[in-house]
Every structure is written in C-alpha cells, then in structure tokens.
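Letters A, B, C and D mark the chains as written, and numbering starts fresh at 1 in each.
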Amino acid sequence: MGLNSFGILYRFSSWGESHGKAIGVVLDGVPAGIHLSLEMIQNLLHRRRPGLSVYTSSRKESDEFELLSGLVDGITTGAPLSFLVKNEDVKSNAYQEFLGVYRPGHADYAWDKKYGIWDPHGGGRASARETVARVIAGAVAMQILPPSVVISARVVQVGEYQDPDEIQEAILKAKQRGDSLGGLVEVVATGVPTGLGEPVYEKLDARIAYAMMSIPAAKCVEIGSGRNCVSMQGSQHNDEMDDNGFLSNHAGGILGGVSTGQPLVVRVSFKPTASIFLPQKTVDNRGNPVCLKLKGRHDPCVAYRAPVIVESMLAVVLADFFLIARTRRL
Amino acid sequence: MGLNSFGILYRFSSWGESHGKAIGVVLDGVPAGIHLSLEMIQNLLHRRRPGLSVYTSSRKESDEFELLSGLVDGITTGAPLSFLVKNEDVKSNAYQEFLGVYRPGHADYAWDKKYGIWDPHGGGRASARETVARVIAGAVAMQILPPSVVISARVVQVGEYQDPDEIQEAILKAKQRGDSLGGLVEVVATGVPTGLGEPVYEKLDARIAYAMMSIPAAKCVEIGSGRNCVSMQGSQHNDEMDDNGFLSNHAGGILGGVSTGQPLVVRVSFKPTASIFLPQKTVDNRGNPVCLKLKGRHDPCVAYRAPVIVESMLAVVLADFFLIARTRRL
Amino acid sequence: MGLNSFGILYRFSSWGESHGKAIGVVLDGVPAGIHLSLEMIQNLLHRRRPGLSVYTSSRKESDEFELLSGLVDGITTGAPLSFLVKNEDVKSNAYQEFLGVYRPGHADYAWDKKYGIWDPHGGGRASARETVARVIAGAVAMQILPPSVVISARVVQVGEYQDPDEIQEAILKAKQRGDSLGGLVEVVATGVPTGLGEPVYEKLDARIAYAMMSIPAAKCVEIGSGRNCVSMQGSQHNDEMDDNGFLSNHAGGILGGVSTGQPLVVRVSFKPTASIFLPQKTVDNRGNPVCLKLKGRHDPCVAYRAPVIVESMLAVVLADFFLIARTRRL
Amino acid sequence: MGLNSFGILYRFSSWGESHGKAIGVVLDGVPAGIHLSLEMIQNLLHRRRPGLSVYTSSRKESDEFELLSGLVDGITTGAPLSFLVKNEDVKSNAYQEFLGVYRPGHADYAWDKKYGIWDPHGGGRASARETVARVIAGAVAMQILPPSVVISARVVQVGEYQDPDEIQEAILKAKQRGDSLGGLVEVVATGVPTGLGEPVYEKLDARIAYAMMSIPAAKCVEIGSGRNCVSMQGSQHNDEMDDNGFLSNHAGGILGGVSTGQPLVVRVSFKPTASIFLPQKTVDNRGNPVCLKLKGRHDPCVAYRAPVIVESMLAVVLADFFLIARTRRL
C-alpha cells in the first residue's frame, strides 16, 4: 500500500520533515520516453514558495530541487525519478519555547496520541513543507497528460470576500491582528479526455476528493454544483444535451465517476491557518493547561498558497487515470 | 489495486448489475474470531431498501442475502466472507423504449465513451443497487470496530428545508411534479479511538472523502466546519483545549489526518435524483437529439435513502484504520 | 491489498471453502469489449477436475460454473465478472473421526495457531478446491492476451520417473500402498510479446515465482536453467545472439525481469500429496499424541492435476503485465 | 501499486542507477518507537560491498549512507525513513566502447525493447547496485522483528563444489579464465513466530519466492525440501509430530502458507555472473552482429555476495507479515 504514497500506476512517495535535512519525492510509474522539462517543475515550485508577498509567510525557501535518477539525456527511462529539496532557513528556536505543548488546530495532539512520539520542530512531517512533493509530482503529471489538458486554479473567496482587492486587504488585516482566514480555491481542467475514472470505487470524483482532502487544512471538496446541489431540483441540475453536446455543467465534468470531456470543476475549502499569534488555551503533553502565544512565520491564509497544490493534485489524479484508461479497452 | 474494491486491510469487492441475476460482495481482511451477527447485517440492509415509504422508489426488493463462505459455527475464520443478494422485481421493459439514449445526469454517456459498450438495463453496474454491497461491508465493519463506536447519520436538509415535516412535504411535491430534490446527510461517529488515520496520504479525512464521494450522486464532502471554514478566522476555528479536553469541534474529530477522539462529523451533499419524469433534451448514441420522458420507479430524493450508506462507508474506513493502527506502534 | 486476491490491474479475488455451499471468484480489471468464450473456461475447468482417471482422487465434481455479472450480449463491459461453482459430493463425515487432529503436511496446525479457529471440513479454505478460482481466472486471462500466446504445461517427472508410462505405473503403485508421490511440472509459453514485466520489484520472473509458489503443495519454482544454473559457467549460461536472434534459452525467456520474446520456461515442483492412508504420528489441538490413519479420497500425486493450474497462473501474470505494459510508454 | 516498491505494510521503494549521482531507498510503514541502530545497517551494508576479497569485483564502494528523515532523537516517528547512498568510483569509460551493444545475459536487450530507451552505463537501473536498497530495507526489517528471529544465509554450492575451500579455488580459477560461476545460497531463519503469512494468495512461501526471484540473477527458489520433493513419497515428506513438536522439517517451516515456528529454510540459485571477459556473440541495437569482449570489474560469482541480500529480503517479508498478523485476530 504505502502510507506516504499517492496514486495507482503513476504514484508518488514523499519523505522528509519540515526542519530535517531535506524533503524528497520519488515518482514511480512514469512512462519512458518523455522529454522532461525541469524548468516547468521549477516554475511550479516557485509558485508554491512562501515569502513571495506580504500575504504569505516570510520563511525563505529557494526550493531548488535536485533530480537524482530516472533520466538519460533528459528523457525518462521508465525508472523512478527521485527529487530532493534541501531545507533552508530553518529556525528551530522558534519552537523551543513551547516544546511539548499541543498547538490548537495542529496535528500535535493527535499524532502524539497515535505514535507516542512527535516531532515538534516546525510540525515535522505534518508541515505544509510536504506539499513541495505534491507540486513536483504534479509538474511531472502535467507532462504525462496530453497537451490538451489545461489545469488552472485560483482563490475565489477568502473570509466573506470574493473580490481580489478585498481579499488582499482582508488578509493583511488578519495578519496585523495576528489572526488568520479561511479560503476557497477553485480549479478547472479543460481538454480532459473522456473516459478517465474507474467505476465503481475508483471513480474520478472519488479520487479527486481523496487527493484534495489529503492536502493540509482542506475541510471540504466539491465537484461541479457541489454543496449547492442540495437546494436544486433534478430538472435544474441534470445537464441536458443536444447535438452540440452538453447545455450546462452542473456535473463538473464527471458522470458515473468518469470524465465526460466537459471542464472539470472542483472546489476545495481551506480552514484558516492554525498558527495564529493570539493567545490560545491549550494543554501540554502532560495534560497541564497552557496559554500559548506562538511566534514564528506563518501564512495568514493557507488558501492563498494552495492553488498550485490543488492544480498539482488534480494533475496527479488525471495522469494516473490517463494511464489506467489505456488498459480498459483492448 | 482492484477497481471494484475499497479498503486497504479490511477490503470489500463488489460485483453485479442492477438487472442481472444477483449482486454480491466479498469481504477480505476480516479478523478471525468474530461472532458475526447476521441479524445486524439484515437490519442495515432493510434500512437501505427502497419502497419503505411514499418518499422513495416503489421497487420491491426483499434484499435477503446469502452468506456463502468464511464462517464456522457463526464465527469468522479469517477467510473471505462472500455475500450474494438476488435481484428481484426486475422490470427491464421500462428501459426498452429508450435503449441507446443517454439519460441526463446518468453515467450512460460517459461510460459509453469509456468502454465502447454500456448496459442500458437499469443503469447496469452504475445503478444505486450496488450500494447493497456497501451496506453489507459496513455492517461487518461495525462488528470489527470496538463497541464504543456509534455511527449515526440523518438527512439534515432537502432543497431549502431542514425541518423533517417540511422535508417530507417537499419530497412529495417534487414526486408529484415528476421532479427530484437534492439533500444533505450528516453522519456523526462517537467513541472513535484516537490515532486512526495514516498521514500523510492515507489521512482519515482523505479516505472519508474518497469513500463518500464514491457513493452515487455525491457532489460534496465536508469534515467538521467544512464549507463554512472559508469565512472563519483562525481564532474562531482552532479548537482550544483545557484539562477537560477540547472546547469545540470545528475540526470534526480529525487533526493532521488522525482521529482525536472527539466526535467525527462528516456531511455529504447528494444531487437531486437524475431520473426525473419531465421531458428532457438529450441525444442517443448516434448523436441524434431526443426528447426523453422517462418512466419507471425512482427515488425523488436519493439523499433520503443515503444515511445508511453513509454510515456504512464511514464504518468501512474506520474499521480499516482500526486494523492498520495496530501495526503503527510495536 | 487483498489477502485473497492476486494481480495488479487484472486481478482475481476468490472465496469459499471445500465443504461450504460454493466457491467463487471475482475478476476485476477485465478490459471491455472481449467476446468471452465460456466454453473455453469450461474446458479448462474440466481439465482440472478430479475423478478423470484412476490416477487422481475419486471425488466427483461437475464443476459447472455460473457467471453472474459483467457481460452484455456475451461481451465484457469492463465490470467485474463473478463466477460461482457449487460444491457437490461433499462427504464431511470422512473428516468427523479426526476432528481436532492436525494432519501432517497440511495447513491445520499452522492455521489453528494463526487464527485460533480452523475449519476441519476437507481443509476448508486451504483445500485444493480453491484452485477452481485460479483456473477460471486463467481462462479469462488467456482471452485478454494476444492470440499469439500459447501456454502449455505437462508433468515431466514423478518420483524418479520421466517416462509417461513409468509415471503412471508409479502413481498406481503409490496409491495401492496408500502413499503419494511428488512431481515436477514444466510450463512453456510461446508467442509472448517482448517487454512484459516491471523492473525492479515487479519483475516477470518474480511475479511468476509468486504466483506459482502460492499454488497448494508447490515447493520450488525455476525459471529457464533454474536450479541447474548453479553448476554452470557464464560462458555456457549466457544466451548469445546473432542476427537471427538468441542462440539458446537458459534465461527461460526473461532478462532483467522483462520478457525477451523467447519461450518462457518455468518449472514447479509439487510435494507428494499430504493426505496419505498410512498411519502417521501427530497431535491434536490439545497437544495429545495421535496415530492418524486417514480415510477419504485424495490424489496420490497432486502434480498430476497441476498443469492446468500452472498454465492458468502463468496466464494471469502475463495478462496483468500485458495490460500494464500499455502504460509504460506513451 | 508501485513498480519500484516491495512490501504491503512495511514497504520499501528504491530509486537510482548504477552510474548516477546516488541511489536511495524510502522505508514506509515503519512502526513508531523503535530505537534504530544505524550501526547495524552499516554493518549489513559492509557485508554487501564488493571489493572485500579477491573473489568479488574490485569496484570500491564505501557505501556510507545518509539518513535524511524519520527519526527524532534516534527513535522512529512512524514517518518514512529516507536513505541515500552516493555513488563513487564510477568508471563509465569502461562502457563507452560497446555503447548500443546488448550484453549477453543482461537486461539490455529486453529493456531496450520495452522502453525504447536504455541506460547503458553500468546497467543503469538494472545494476546489482540496486541491492543496496534491499540491504538497508532488510536491516531495518530486522529491527522491527522480535529479537528471537535470527536470519543467516550462506553459500552452500558453487559450480559442482560444496566445500568452502574448493569453492574459493573454483571462483579464482573462473576469474582467471575470464569466466564466471553459478551458486546456491541457503538461508535459515529461526525464532520465527507462528502465524506469519496470509492465505491464500499472500502466503509466506509465495511472497518469499516473489522476494527472492526479484534479486538480480536468481533463477530458482526452493522452500524446505524444495526441488527434491519431486522424488519423495508422502510418507517421507510429511513432517510428523509428537508432543515435543515436529519430528522433521521438509516443509521448511511453512504449512498452508503460514509459518509453523520451525526454522524457515529457503534456497536461492544464482546464475553465473553475466559479465564475463571471454569473447561473446551478440548484436547491437541496430541488429548488427558484434563480437563482444567486455572489460571492467565484475564479480566472478554473484552468489558469493548474495547471502546478505537474501537475508535482507527474507527479513523484509517477515517484518511485513509480522505487522499484518497483528490485524488478523482482534
């Protein structure tokens, strides 16, 4: 199975902690013969990087990767691609003061109960730093997919706001208060071939939900009409067809778990960043009450950095099903 | 992998079509030594059955199962349990008139494009009849889980309505119009042990999203605060703790992908039943426009039958992680 | 994963006990669009059947199967194929006398220690009756593979004998003595496409060894030169090439875990049937010494019935890799 | 699935080519709380290293590993362990002369046909250098297993010889001739708990065969009596029991796919090293006949370096089943 892997045929496995030496990802099942653009990978990684604007964390990460295997003369050989990204600008001191204290909204409590040991340095394995692996896997997935496929995500709501200027203002204000905000990311994929997804338990929408909900801070995944379908009638929701194709897209590009060729539409809700700088009630690992006031560097709105991760996870799922689809008809 | 299987260690595989001879499910990874209550399985199946009230389809299905393997003297042996449920009251004629016509909102178009062949009788493999397998798997899962775990789902919204009486009235009206309604199901699991879920890609919430979105007609999965987290601030959303435990549960019982021991809270949105009895524009498999007016028997609100399925899928995920958790510390 | 499943993309899952109501197998990942010959399946099952000659057990099994799902008009739809074979001529009485006694050479002791419960009727799940599932899976696999692939197995040695007449005489004599004999089965597959097998851990030879050693009573698996390679020199063993191709086939058709297009050559050694009718020292499940003298019906040489099973397992492995190979180059 | 991974719950994934920057392995499913001995890992790696004696290749590899993740204060956290071993003493020049020529007995031809591209430098991904990953995975597996388990392998035959002195002499002579020799390795594991192995397709012997046959150059895997069972009778082969336990061990410690607690006995035959220094007929990748006379550094007998790899693969399989066994009874 692989607890730290995602995918069936196209499969990535990640390793590494926030404040360790490096994090890495191994990509397995990459078809042979792809002229791999490393530049495209780097570009996506740059989009993920914090410190790009006042809206996000000020941690500096160059996110330069090393590719250690799987290429000959720039072409994939069918062997695994191993990527390594060194950790830089690691300030573990910021975490020293509250060693043993469970930070609200973080994995600390649950993981300590689970494993009986937990790595307090920057969240360890639970850190959003792990999403570097997702982005690399996504960038290669995009190069497995046919060039017709275009995947694009954006923040469509933060707090109550949907207007970009208002969103930015709201984030800045939250940051100044030491607080954080939730946000909603929408991703659309066009040019997706029909026939991707494997009923009945490996449906395209099921695996998209799986992929998206595994992203740190995700709390909701919607396909097409999503949450709004609850208050719709069948006569509204059904996408009628004529000889030009579908007349609407409430399905979000998926029927019966299989892509229809219409644009895929997926929305992911991200909770407000758990790391805030206001005093919070919590306990330590001996059960003693603590008033925690965090220091450090954190994104005031994780959703703001999420679009590239959401795009990447969608690409991973699509590339996987694109390969599998080749085996479903002779 | 197994396209028609779900689960890692506790794993079910289903087979069968709506209008075939039978449908069945094979349960693998069931621990030895469980005194299996078949009555509990039958009770859950009865809850799933259509025809129980005017609010649902009038198809009669007794849903009596046969258990063909895996027990000695009522006790599980560790071998697979094979369940078979015969199909009854199959009226294929209802589908004859529109053979080759893609029903809006159904799998027909996508599956035909995918496989180059599709079974038009009652939806074939895409039929909600397949959920019998999920319920059986769930009923056994509940007997693997510790008795502390209590899982309960209910319909909390249909259309615009949240009041049970108003919901029933709205469904009746929709049925009379030949239309259908969407609905929202909430499931809560209490008594869940801490430590279930396997970061970072087999998180509890990720696999719940996967399981729920694989249910026919699901369009949205929410964990805890869910979709509402978008308009919240970190200082509201974070669940603080004191020496009595958590002071709120926006997390929905999961932090860092691992259960915290708080109640698990999951919501699933179901689209309005695709089979409606109003005229709809569509095409047939040669691309000719058709005005489709369906006949037959269909639930006007699939959400209304969904709670037992949602409970079952949650039980399957929890039982799987309950077993896996035994391997994560020596 | 699936403890009772075999295969990656083309995957079969079996269930059922020797003396239960039925045994069955579910085939997943079968490509859509295959005109399935049920006659071919029945023919293979007939070859597996005991009672065909004096050399094998006298248990009568008609082995008529029912196919319960996955076909429309005789063509595969991509959905799982579910096969059921009812158990007949079950004489559990034969096992009553020695309930609780561990039969030497059987699974009894090990399974009882493992599960704390074991089904003593005819070996339960451990019975060779399970190989019906393998043969059905193999018969469908052969219909997934290109028609060029021809798989043929035969018994090449029993005891010390390699001559067919001597083999038959030796088996008869062993039967008269109440004893049993080991045997060696060789399978050759010609017309296998190049490029099947997935280095470095899903090598073709590795998965063949896995498949073959999972057959009841198998103790040794050899590829090509097999056990004899130990006493060879590289200059003998290496298969040289000229412009007509390979000049020898010590490799057995596999290099670096991948098929070369040469004939696949695999040999499987089967131990003598564990059920013999001579007195044997053993213990019961309370540790008491017992002198066991079995009655019942058993093959005096399991190898004699094994060729069709060996062919089937090879077909399953090849069909699986045939599908996977489609995803390894774009 | 993961083509470059091995194991179910305890699972390792390797990457890297012989003449690339490094090779590595990621270990997933390692239980939390293990005080990991890195020294033990290094010791096993040293045993694998070539250049230790005149009997093996003269390539110098220090095989010092870096551990990049998964530990806090020397204790496993449940997160993946990532190991990296840099490649040193890489002499690609040795391979320049025969670029594009298929070396007899090597993966070259098959992989080129499969992928349409192949890495000629030192065998690329097909190199025995990959076995570093197996040894690391095995060394950690040994620390997951109960301390009662002792695994020990040795070369029991090379060519026709079984006496250690004669074996060494035969290898030296083969080396002087530019030729190579096959060999047989036997591994015995004592102290193995009863109940490991998951019938009926994940049997202990089946997965051992799978693991062993995936080792480069393996051609035969035997369990217990192995190949010799062919010429035995049931009355000889069956291991009788009395109140002191088993009276013999032809089963090799496994009955019905499950460990009995007796010593596990497994033998693996390794073909003679494919790289020999005598002239050989072959073709290049355009089909032209070539007379190949290899240069470079190669083991004259791969079996001589194999014991530590065989031990490692057995440990991996046992650790995996040791974890799984915890889930098979509540």
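Note that contacts are C-beta pairs under 8 Å (C-beta built on N, C-alpha and C of every residue); 3 or more make two chains touch, one makes a residue touch a chain.
All values derive from a computational prediction rather than experimental measurement.
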item: Number of steps on the shortest touching-chain route linking chain A and chain C; value: 1
item: Chains in simultaneous contact with chain C and chain D; value: A, B
item: B-D or A-B - the one linked by more C-beta pairs in contact; value: A-B
item: For chain B paired with chain C, centre-to-centre distance based on mean C-alpha positions, whole Å; value: 37
item: Rounded Å distance, chain A centre to chain B centre (Cα mean); value: 25
item: Inter-chain centre distance, chain B versus chain D - centres from mean C-alpha coordinates, in Å; value: 44
item: Multi-chain contact residues (two or more partners), chain B; value: 1-5, 8-9, 14, 29, 32-33, 78, 114-116, 125, 199, 328-329
item: Residues on chain A engaged by chain D in the complex (per definition of touch); value: 1-5, 8-9, 11, 13-17, 20-24, 26, 28-29, 32-33, 66, 68-70, 72, 75, 77-82, 84, 114-119, 124-125
item: Chain D-touching residues of chain C, taken from the complex the two chains share; value: 1-6, 8, 14, 102, 104-111, 113-116, 125-126, 130, 157-160, 174, 179-184, 194-195, 197-203, 205-214, 218-227, 229-243, 247, 250-252, 254-261, 269-276, 278, 280-283, 287-289, 303, 325, 328-329
item: Contact set on chain D toward chain B in their complex; value: 1, 9, 29, 31-34, 78-79, 144, 323-324, 326-330
